[in-house]
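Chain nomenclature is as follows: A, B and C, assigned in order of appearance, with residue numbering initiated at 1 for each chain independently.
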Amino acid sequence: AEESESEVIKPHQGINQEPIPLQIKRDGTDVYVEMTSQITDIEIQKDKPYKAWTFNGEAPGPLVVVNEGDTIHFTLKNMDPSIPHSMDFHAVHAAPNKKFADVMPNEEDTFTYQASYPGVFMYHCGTAPVLSHIANGMHGTIIVKPADGYPTDNEVDKEYVIIQNEWYKYNDLDDMTNGEPSQVVFSTKALEQGQPNTNGVLNSLKDEPLLAKVGDKVRLYVNNVGPNEVSSFHVVGTVFDDVYIDGNPANHMKGLQTVMLPTSGGAIVEFTLKEEGMYPMVTHQFNHVQKGAVGFIKVTAD
Amino acid sequence: AEESESEVIKPHQGINQEPIPLQIKRDGTDVYVEMTSQITDIEIQKDKPYKAWTFNGEAPGPLVVVNEGDTIHFTLKNMDPSIPHSMDFHAVHAAPNKKFADVMPNEEDTFTYQASYPGVFMYHCGTAPVLSHIANGMHGTIIVKPADGYPTDNEVDKEYVIIQNEWYKYNDLDDMTNGEPSQVVFSTKALEQGQPNTNGVLNSLKDEPLLAKVGDKVRLYVNNVGPNEVSSFHVVGTVFDDVYIDGNPANHMKGLQTVMLPTSGGAIVEFTLKEEGMYPMVTHQFNHVQKGAVGFIKVTAD
Amino acid sequence: AEESESEVIKPHQGINQEPIPLQIKRDGTDVYVEMTSQITDIEIQKDKPYKAWTFNGEAPGPLVVVNEGDTIHFTLKNMDPSIPHSMDFHAVHAAPNKKFADVMPNEEDTFTYQASYPGVFMYHCGTAPVLSHIANGMHGTIIVKPADGYPTDNEVDKEYVIIQNEWYKYNDLDDMTNGEPSQVVFSTKALEQGQPNTNGVLNSLKDEPLLAKVGDKVRLYVNNVGPNEVSSFHVVGTVFDDVYIDGNPANHMKGLQTVMLPTSGGAIVEFTLKEEGMYPMVTHQFNHVQKGAVGFIKVTAD
């Protein structure tokens, strides 16, 4: 039983649109990306679904990966019967009022722009009030791979994506504006076939930890999509050998215990796991850990 | 009608001192700066004036621009009939108890110090309780121009100043200490004759956007004067090509989507606007956008 | 009279274990560190003791200083009659479930790991719920001295440690999770014999300021142990000449007015004090200054 059913707006009541996979096709440096905006139940806690406003039925939305210099031809198909939605990729140069424009209910539109900078970028719906659209689930991560790679590419054994997001009272703009988050959660998105791909729900990375082997250097692409809180991202039991702020190879830091992520900020963090065991990932703002912000990496012998 | 009239302290009731322009004169590397502390109504929202404690009748106060290595001869004329005020420039080396000292009501005093470091620095009243003085409006920005410039000086087409500040319930130290901001706002200060110069009020940079041309590289001098909140400063539709943390040329970052500003922190951010349109500036802490933290840059064809 | 006596858990009532000095011995690059977990009254405000969960009877716990590359043999003697405790050093590589493991009441255990990275690192109890253990006082700082030093070592005249921590309602996990801090405080820990060594209590660095001479370049090892809040660390009356984020020589910034510390983050900040007088240290999040986050450096003539 959904506690918040009464808060669901009329046209969304009873709707639970099946997740639709992201479509992405490449033709040289032209990349064709198709996404949906849709209304889909996300089970933040067991038996406590949240009728999320989503991209493709996921919250955070599906991971998008392109190369530096690519031209993105982006199509948004708005399956929401009642509300316009839109797409703001932090990775691109585009006039927001034209290329991050609203797509009306049951319509679709296509926009073209370039990914000029490498890094780990947030994307989100930019329809007003933006806070409602992000906090209801319309956020995600786009990775732009650098043309010349990272100086530490050869050292990395495993790569994962970690996204931090907050949830508030159901579609409650006052709580989103003036309150504290009900949950703060981590999710992971598959970088390749076979990797886990989760929503931002409690325990998803506790019940099924990320995996590594003893001695692995692990790279995490981390993104704090908010909508409101900053993050102090930390992995227990190790130190970050290398950090690239917002994922840009030029912003290289060394030996960090914790990386400060502004809201919407990204980073690549790399670290070595020297012993078998369970390594928690947290934001070191521990009130947020108390609300769910923890995941695990399980390290086993070779 | 001023809602908060009852909260105004007795000696300030009925006072609304006309803004007095900053005076600044140069003699070689000696710079003579004269400012006032005064009580002036600031219309945070239409028809909702806030009887602000200000420098020169502006909140944030007037922009001060000097050169690295300058000696500043600073005079504060305290026009407040009842409360001492003072000046703490983050840009200088000075013994606070002597050179950031209180100036009594209806008195003036002069202090001398050097601006040894280039950058974007906060200034504020440092009279106890400092939180009241900052939150009631006594904050602003001093820019110290680097002797050797920035490596990107030649690329920049337009320059503006953006200041973020919060407002609380009128002169309510408990709300300032324990509450959330009522408004979070952006203002701009004129770097040169003819540029807009606004207070930190709702919609000032929505009603009258900053202006740029297609292809311009824009530089913003950004300063988060608080008093309490950090900022995740972001411009929609672009990526920051170059960022200088606290405005120091040595702290150069590249390709950022968002810059983390501690409370009182500054930055120079530079970005290219490739298409005609409207580009919002925000803190990506979207609860603060909901409370007003948004401004626009309008980009037109050549 | 302790206001919160009723909140103290049964087995802790009436207990006030005398502080026990940290033991640290070196044999080549093997360092033997012995600490206790114990229940000790900390007088946050005069006549308002807080029956803290501590390391060695201090909150923050005693400063630990080792060298880059050292092997740490760490023994935790748990003197708490009722609750397990543990130790998570941010400076080391260790499987958390094995080497940051719980030590049962009245037991002790020894763990071995290496300090591979130089810097200013947090340590804390990692026993669940971690938020309770940190917020009740189980946090501190470990400094790992770099094998090759800092480029500015020769310029530094005085060195001190500053730790920022928050206090909440006594052992109230709901207030720790959903509330705002009751106090935000600074403490210092002795780097050498004769330096002050304080708990995180109100006014400790106001009543007895740190000392320096005119012209001194002062280095502070700063650590924000939270548990929840970020810090905007600033010293009034000067500018940071040099900053090393998390204390790593590779993360060198220049000319900062304020350094952004994530929760658990560290930094080395160095600055010159050019005139006699009193220089306040604050987090520029001034609601936290209002709750106690201020200390002083007193500068006298040679």
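Note that in this section a residue touches a chain if its C-beta (ideal position, glycine included) is under 8 Å from a C-beta of that chain, and two chains touch if they have at least 3 such contacts.
Given the structure is predicted, the values throughout are model-derived calculations rather than measurements.
Taken as a contact graph, the chains are fully connected, with every chain touching every other chain. Chain A maps onto chain C through a rotation of 120°, based on Cα atoms and reported in steps of 5. Taking the mean of the C-alpha atoms as each chain's centre, chain B and chain C sit 33 Å apart. The set of chain C residues touching two or more other chains comprises 230, 260. Residue ranges of chain A in contact with chain C, taken from their complex: 180, 230-234, 236-239, 253-260, 272-280, 283-291, 299. Chain contact summary for the complex, chain A toward chain B: residues 88, 90-100, 116-119, 121-122, 126, 129-131, 134-135, 173, 176-178, 226-230, 245-246, 248, 250-251, 260-266.
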